Amino acid sequence: MAETGKTILEIQDLSKNFGGIRAVNELTFDVKEGEILGLIGPNGSGKTTLFNLITGVYAADSGRIRFQTQDITNELSYRIALKGISRTFQSTKVFHTQTVLDNMATAMIARARKRHISVTRQKVADVLDFTHLGKAKTAIAGDLTHAAQRRLMVAMALVEDPDLLLLDEITAGMSGEECNEMLEMAKRIRDRGTTIVLIEHNMRVAMALSDRIVVLNFGRKIAEGKPEEITTNETVLEAYLGREEA
Amino acid sequence: MITQVILNAVVQTAIYMIMALGLTLIFGVMKIPNLTHGAMYAMGAFIHYSLIEWFDVPFVPALFIAAPLTFGGGAILERVFFRSSGSGANPVVAIIAGIGLTYVLVNVITNVWGAWPMRIQTPFGHVLRIGSGAISSHNVVTTGVAISIAALLYALLKWTKFGCAIRAVSQDREEASLIGVNVNTVGLVTFAVGTMLASIGGMFAAPITAASPTMGGTAETMGFAIIILGGMGSLGGAIVGAFLLGFVDVFVTSYVSGGWGGAVAFVFMIVVILIRPSGLFGKKGRQI
Amino acid sequence: MDSMLDLLKKKSTYIFLAATIFVVVVPHFSSPYVLRLMITMASGIIAAMCLNVVLGYMGYPSLCQNVFFGVGAYTMALATLRLGVSPWTALALSPLVTFVIGYLAAIPFLKLRSMFFAIGTLAFTGVVSAILMNLPKITGANAGLRGIPRLVKSDINFFYLEIALILVILVLTVLMSRSFWGKILIAIREDEDLAPHFGINTTRYKRMTFAATSALTGMAGAIFFSYQTYISSNYFTIGSSFTALAIAVVGGGGTALGPIFGGLVVVGAPEVFRGMTEGMTLWRPSFVGAVLVLVILLSPGGVVGLYQKLASYFRKGGAN
């Protein structure tokens, strides 16, 4: 998959405080179009906070976020979604009491009215196929297996063809085999033209999937580079090992 | 003139404080707003009244009989109606149940005792003169009771084992249960104590403001305004809030006009909820 | 498309027919007291239907319904008595005025969630109640305002006016629940933080829904107080703000027909017993309160929910 080299997301000196704690501390890095960028770091290093800042859940205290050259720094969540950024969450956030189809319908409601119903139907069918949920259309989301629910989350995030997909620990709670399935899916998503930033605790998945990796610790970027470079990076090892001792 | 207003404010604060302390205690442990508080305030007053009028029990001993009765009443309410909402998972259920129970309780009071306001006699009839103002000894006793209750609660929470349990459940129900605290018992007793406090408030308020079935309405809403202002679950917040709103209420009523005192409390409530829902002393970032 | 025979087999056809007969025939044979009761019930049902959209579909427990009932009512009263407009003009004005007030209230209050929203709206009711009570020059306060002109002459026609409004709201509710709007409201109720991530402007839909339902409630208020020709601030205390809630909850949240059953139970049922026991009117609030508590604790889906549970229970063959 050829990278165009264009930057799709720019994070510039981004900071966010909670009480006295700097969750994100003058963070700066870029995401290139078409790549899979892995975001790793010990617990509490600010990864999910970063996702929340990008998607407008939190307001940044300082710094800039630019998406496709547009400044989205303190934009409203729903507008950011409409611009083409989708995400999944650490906890399985779907509409548990609704059917899979209703979940998909809700995910598409903001845009579905502007086009013909058959286009929408096709999109749903395609994405459910893609995430191996084709047979579960009428199942209640809460009744699905954990892995299936997480795939539903991905399906909902994908259905409107986002340019940028943020995956927050998508393999959480999955078995080895389910992880592999997710790995394959992520690669296919990237191959279809969606840029991915993924937060991962599972090192195997993070290294296997990412074209590049950014490492965070205490809200700061401590390393950036190809997976091979990161695994041998002193600072990174210290961050992880140091945390484990503490 | 101002001395009198201040003296009135002190008494008003005392009564509100008794209400608020019970309310904040219940909220701290059960994480739900108790909408039967006002009804039990009224019920306390009427049970007390009945003991005096029907059984010829003097004022003070009647207090000591009525209080445990209301404690029992509160325990029953918690056990039957509020146990399931205790974890705070669905406060709306508790709110609606509280509304329904208030309907029933107030209606019972109306049918048993009548809807007309009744003057209750107090043995503390002596009037003290302070400066240019006057305060009845009943009001002095009420104030003393309020202060004692606040002090007792503080001591209970800080120095007794049960108080420790209450604080544990307030902070983290799940953790508390994991370390062996019987969360259900704590909830039951707290709710019962809170209800009893509301009733005691009513018993002391009745000779001052006359007893009627709906007397609890304003007291309850004031109580909520106070604990929201002071921070739900915070004892200190209830005390400070009671002072603030008690004084504001009486000053507005005395110097501006009669009907607006309550409205001011409501406005305070709305402003606090919108700006700082955790109140003055509450924990920030509470997830409701 | 159902054939005539199929229609005759459906249970709902008979219910519909019974309801139509009830609505068309019964009022003509009712005493003024019963008619007044039916008009009151219809008002409560309308308020509850509007509350039902906000509480049952959108998940926001609003305790200020009767504020909007009052705004519409006072618009009717003041427009006709002070400005001299005809009652029908006032009726057209009342939802407009109420919509504006509803929208303005929505802006701060919809920022609150769950319990805080409930308490906030309750406080709002208190403030408005105090305003109504303490401005006698404008609102007539306790003593009230008399001589509000009637929209239509007879009580029966007032009843039909309210039935018409109920039908309109029923149709609107059903259409809404099946449309994108309904889906958005349910998404807000189920997970309000998740919805914006799909491009849904939750703020706009919350405000519009709140304001629109307020407007319709205001209209009901205008109609009722035109019927009564007399209004006073006593009708709008915190104590009276719970009737709509009781009806909505007892009937069943999130269903179009729920409030209708709720109204029948909350307002109608105590009256049925009235003939049997002398003291029924005395105990009506207890009845309402008890039903409310029983419903919320045992069958939160209300009457409709209970019916659905029972229906599926029997469909599965009973106790087998």
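As written, the chain order gives the labels A, B and C, with residue 1 at the start of each chain.
Following the convention adopted for this analysis, contacts are C-beta pairs under 8 Å (C-beta built on N, C-alpha and C of every residue); 3 or more make two chains touch, one makes a residue touch a chain.
Nothing here was measured: the structure is a model prediction, and the numbers come from that model.
Trainee: Quick one: which chain's Cα centre is the longest way from subunit B's?
Mentor: When every chain centre is compared against subunit B, the largest gap points to A.
Trainee: Kindly indicate the chain pair that has more C-beta pairs in contact than all others.
Mentor: The chain pair with the largest number of C-beta contacts is B-C.
Trainee: What chain sits nearest the middle when you go by CA atom centres?
Mentor: Smallest centre-to-centre distance to the global C-alpha mean: chain C.
Trainee: Please tell me the distance, in whole Å, between the geometric centres of subunit A and subunit C computed from their C-alpha atoms.
Mentor: 44
Trainee: Take the average of all CA coordinates in subunit B, do the same for subunit C, and state the distance between these two points in whole angstrom.
Mentor: 32
Trainee: Averaging only over C-alpha atoms, locate the centres of subunit A and subunit B and give their separation in whole Å.
Mentor: 49
Trainee: Once bound in the complex, which stretches of subunit B touch subunit C?
Mentor: 32-33, 81, 84, 91-93, 95-97, 99-108, 110-111, 214, 217, 221, 224-225, 228, 257, 259-260, 262-263, 265-267, 269-270, 273-274, 277, 288
Trainee: How about subunit C: which of its residues touch subunit A in the complex?
Mentor: 180, 183-184, 186-187, 190-191, 193-202
Trainee: Once bound in the complex, which stretches of subunit A touch subunit C?
Mentor: 55-57, 76-78, 81-82, 86-87, 93-98, 102, 105-113, 156-157, 160
Trainee: Would you pull the subunit C residues touching subunit B in the complex into a rising list?
Mentor: For subunit C paired with subunit B, touching residues are 61, 108, 111-116, 118-120, 122-124, 126-127, 130-131, 133-134, 238-239, 242, 245-246, 249, 279, 282-286, 288-293, 296-297, 300.
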